[in-house]
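Here come two complexes built around subunit A, the first alongside subunit B, the second alongside subunit C.
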Partner chain A sequence: MYEILIQPFVEYGFMFKSLLGCVLISLCAPMLGLFLILKKMSLTGDAISHAILPGVAIGYAVAGLSVTIMTLGGFIAGSLVIVLSGFVSRYTKKGEDSALAVFYLISLALGILIISLNGSNIDLLSILFGSLLTINDECLILLSSITLITIVTMLVIRRPFIIDCIDPDFLIHNDINGHHYHIIFMILVVLNLIAGFQTIGTLMAVGLLILPAAIIRLWLNNIVLSCLISPLIVIISCYCGLIASFYYNYPTTPIIILALGLLYLISVFLGTNGGILWKYVRLKHLDS
Partner chain B sequence: MLSLKNVTVGYDRHPIIHHVNLSVEKGQMVAIIGPNGGGKSTLLRSILNELVPMEGAIENSFKKTGYIPQLFNVNHSFPVSVGFFVSSALIKQVGLFKTVNKKLINEALSAVKLEGFKNKYLSTLSGGQFQRAQFARIYLQKPDLLLLDEPFSAIDQKTSQELINLLKQWNNEGKTIITVMHDLNMVREHFPYTVALAKEVIACGETDKVLTEEVILNTFSLNMAINPKAEICHRKSAEDCHTK
Partner chain C sequence: MEIRSIKTPGFIKSLFIALLTLSVSFESKAEDINIVTTNTILADITSEVTGKHAVIYSLVGYDEEVHAFNPKPSDLKKLKEADIIIANGKNLEGWLSRIDDKNKIVEASKGIKSIKKDGYEDPHGWNSPYNANIYIDNIAYAACAKIPAYCNEFKDNANKYKQTFNELTIKYKQLYDALPQENKKAITAHDAFGYLARDFEITFIPIKGVNEETEISAQILAQIIKQIRESGIKVIFIENISNTHFAEQLTKETSATIGGELISDSLSKKNSVDTYYKMVDYNLKTVYEAFSSAK
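Coming up: the complex of A and B.
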């Protein structure tokens, strides 16, 4: 048993590094996903992950397959879309979703234009599906920094950020601009999507944010506990993905997302915080 | 003191409140009554500087203004505790790095009789309990001017009674209170001063003198519809209206 399940990670450096990368992402991605879900913005992550593309493409055009430059490009493009749509929705009062949809589509179109003008030598598949098994030291350093920045920032802004989620007008009446904290949060989402893009690819990077958060929501209501437990969900599914790749040569990313999807389906039925099963089970009631 | 000088506020050049001259002295407890769409909420929101007057000026010399909006403006479903919700009043003092003084939270919760609810989720509160939580939060904010927008609509009698007693207590301690009210009997019973507002100030002053049959009929029978073909208004100003 040990040989099958553990040894690959001890014996092969690349397997260990891949798992380490997953652990790093797992520490903060589900936390951001949880807030996206609570803010009813689950699909926003999807939009942002598309918005990152032109930055990555420009980074590639300038410096080739350099993780740092492509990441920086993606970060700038993603943040620009966030700030612009935040700004436009705030001043036109027309809803952030429509502004975000417009800007991410512009960004996506630019990205595709840049990629096609640069010839097709870029390995589009590795951007779309990531390359978790070829993760290198440069990438691990990047992932650790993103994890650290995300956790520290969220700890610092948690109070005004959460108040802005429940009662934004209250902050305005206290002369505090809650919108800034929303923008900071969204920029953290961009950062984590880039982390995801390094590992499981831009197409499914959102999966590591939203799926574990959606799963934990079906079991727990408490935000702090959810943030502490959800990393386990990510680590388990990444482990499944890596093992499946190692033995059967399956692509890693889809297995990870499918493992999360399976957990989600199980939770929909069994989850103690709203699972379908509990609607049909009559437990004895308490006296107060 | 709060004074509105010939204030007109509205949307797309159509006035919602029209040439309002009104002043409220420190330490008064004032009810605002009027029909739906008569500009009561708009009046509060302009005092809060949320809406900018199209004409006139608002002078507010109170140090801190507290505001309880109508119920539906808060996202109840977000999983935070009642204690956290109430503690948000201290956000300015606490900032990003200090911790909240738990004693203050307990004190605020017991002032509104919500002891034992501190760790309950906001989503589990009933309408009346949530209103108590809002009162606890405003209590912690320690404002000297309180603006409340229909705080007792859909609230049971006992809760209304307890909360209005709290308002009266705060008023006795020197706070100035302006409340949008629907229940005219409650206004008669508890509010010394009343403003009848239907786009314009219909009457204002001591409650007994304002709440006459004639004023009530006038206030609530006015047509609040906006005329899309309205001409530019050339009126200079309306009469001054002091609550005292």
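Coming up: the complex of A and C.
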């Protein structure tokens, strides 16, 4: 058993580094996903993750596949979108969803265009679908920094931020500007989406935020407990992706997302916090 | 000037002038022969052979990846305007089957004793100097068929060009034969040097396949690491057309080191290896130096 499940990570440094990258991103991404869901902003997360692509693409056009420059480009682009989506939500009402969808489709197209004009389709694929297996030290340092920044910042702003999520009126009544906390939070989202891009690519990076959060919501109501347990979901899925790639020659990114999807389906049925099965059992119970 | 000095009846003079302009216009037309090649290597061979008698355009540029290429509308326009389209063949340009004027296509690698990989022909014939003659002859033959007037010149150019390759091949063959066989093994970024390996008795283990498949699984990476550890491979070569991430990963996990950057499928401006001859020379030299210094 040890040989099959653990040995690969001991024998091969790249397996260990890939898993380490997953552990680092798992610490914060699901937590941010939870708050995105609480704030009903999953789609904004999606829009930002796609908007990072043209930024990354410009970085790529300038300096090739350099972690630092592509990250910088992605960060600038992501921050721009926060500002833009702020405008969108202020000036449109019902149409907000479609405006964001239009926006991220344009970003995606723009990003792909910029990369295609500057290099090969092969680099494009590694940007879209990530390169978990080639995570290097530079990338691990970046992931660690993002994780550290996110944890420290969230600890500092936790009280007003959580109140802003749950009861924005409370802050307004007490003359506290909740908007600042919102902006800080969105910047953390951008940073973590960039971390996700380094591991599983821009197309599915948002999956590391939203999917584990959606899964844990089906089991727990307690936010703090959810934040503490949700990293496990990401680690398990990434582990599955790496092991499947190691033994069955599969690409890692789709397996990771599919593993998360499977966990989500299971949770929809079995989840103790709103799972279909328990609702059914309760109905039966009432009937008899 | 000459025409004026010759005293001839008017109509002969005009006939003479007419003939002269005819030949002039023929010549300018011949110089304007349009050749489109699919990559920079073929463009350089073509330009060596045709000299100043052709305008040559390469679809894939310097240092660019050739396998994932797909023609843009502007490329299709170039192909339409071309008098000759010089392609490598052997499935390197799969998209060629979709264009209209297939009769203009010349398969430059035709006649090479090909290597089969997973049931497909390996397209990378150009990377062995033993195949240079075939490429040169095929292109000279195609140019002759298009402009017979300059055929002798093309054949002359081709023969001189082939001679330089023959000298290069002999020189390196001797050097490589003198190397101990256990030194002649290395990792390459993609499977581009199968012909070179065959002709110079080298073992190359590629990270990516013949067509630069995109996603490398953990299994493949682990197998390569295992091979390096078990067979004691010391050298890893990177390439001008692909990224170096996997190669870097391998140097961290094994005792092998990067032995240099090979120019595989496109000529390189960044390494100033901008002719086919320089490329073959540069690659053979780089590999030889890495092998002879490997301990």
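In the analysis below, the second predicted complex is superposed on the first by the 245 of 288 C-alpha atoms of A that agree within 3 Å, B and C clash if a C-alpha of one lies under 4 Å from a C-alpha of the other, contacts with A are read in each partner's own complex, and residues count from 1 in each chain.
Keep this in mind: contacts are C-beta pairs under 8 Å (C-beta built on N, C-alpha and C of every residue); 3 or more make two chains touch, one makes a residue touch a chain.
Bear in mind the structure is a predicted one, so any value in this text is a computation, not a measurement.
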Problem set entry | Contacts of A:A109 with subunit B and subunit C, given as first, second, both or neither | neither
For this session: Give one of first, second, both or neither to describe whether A:Y248 is in contact with subunit B, with subunit C, with both, or with none.
Result: second
For this session: Pick one for A:F170: touches subunit B only (first), subunit C only (second), both, or neither.
Result: first
Exercise. Which partner does A:L265 contact after superposing on A: first (subunit B), second (subunit C), both, neither?
Worked result: neither
Exercise. Which partner, subunit B or subunit C, touches the larger number of subunit A residues?
Worked result: C
Problem set entry | Which of subunit B and subunit C A:I223 touches, first, second, both or neither | first
Problem set entry | Which of subunit B and subunit C A:I157 touches, first, second, both or neither | first
Exercise. For A:L38, is the partner it touches subunit B (first), subunit C (second), both, or none of the two (neither)?
Worked result: first
For this session: Overlap the subunit B and subunit C contact sets on subunit A and report the shared residues.
Result: none
Exercise. Residues of subunit B touching subunit A in their complex?
Worked result: 48, 50, 65, 67, 69, 73-75, 78-80, 84-85, 88, 91-92, 94, 96-97, 121-122, 141
For this session: Provide the residue numbers of subunit A that touch subunit C in the complex, in ascending order.
Result: 8, 11-15, 18, 64-65, 119-123, 125-126, 129, 131, 133-134, 136, 242, 245-252
Seminar exercise, completed: Counting only contacts in the complex, subunit C reaches subunit A at residues 64-65, 67-68, 70, 212, 214-222, 225, 241-243, 245-246, 248-249, 252-253
For this session: Within their complex, state which residues of subunit A touch subunit B.
Result: 38, 156-157, 159-160, 162-163, 165-167, 169-176, 221-223
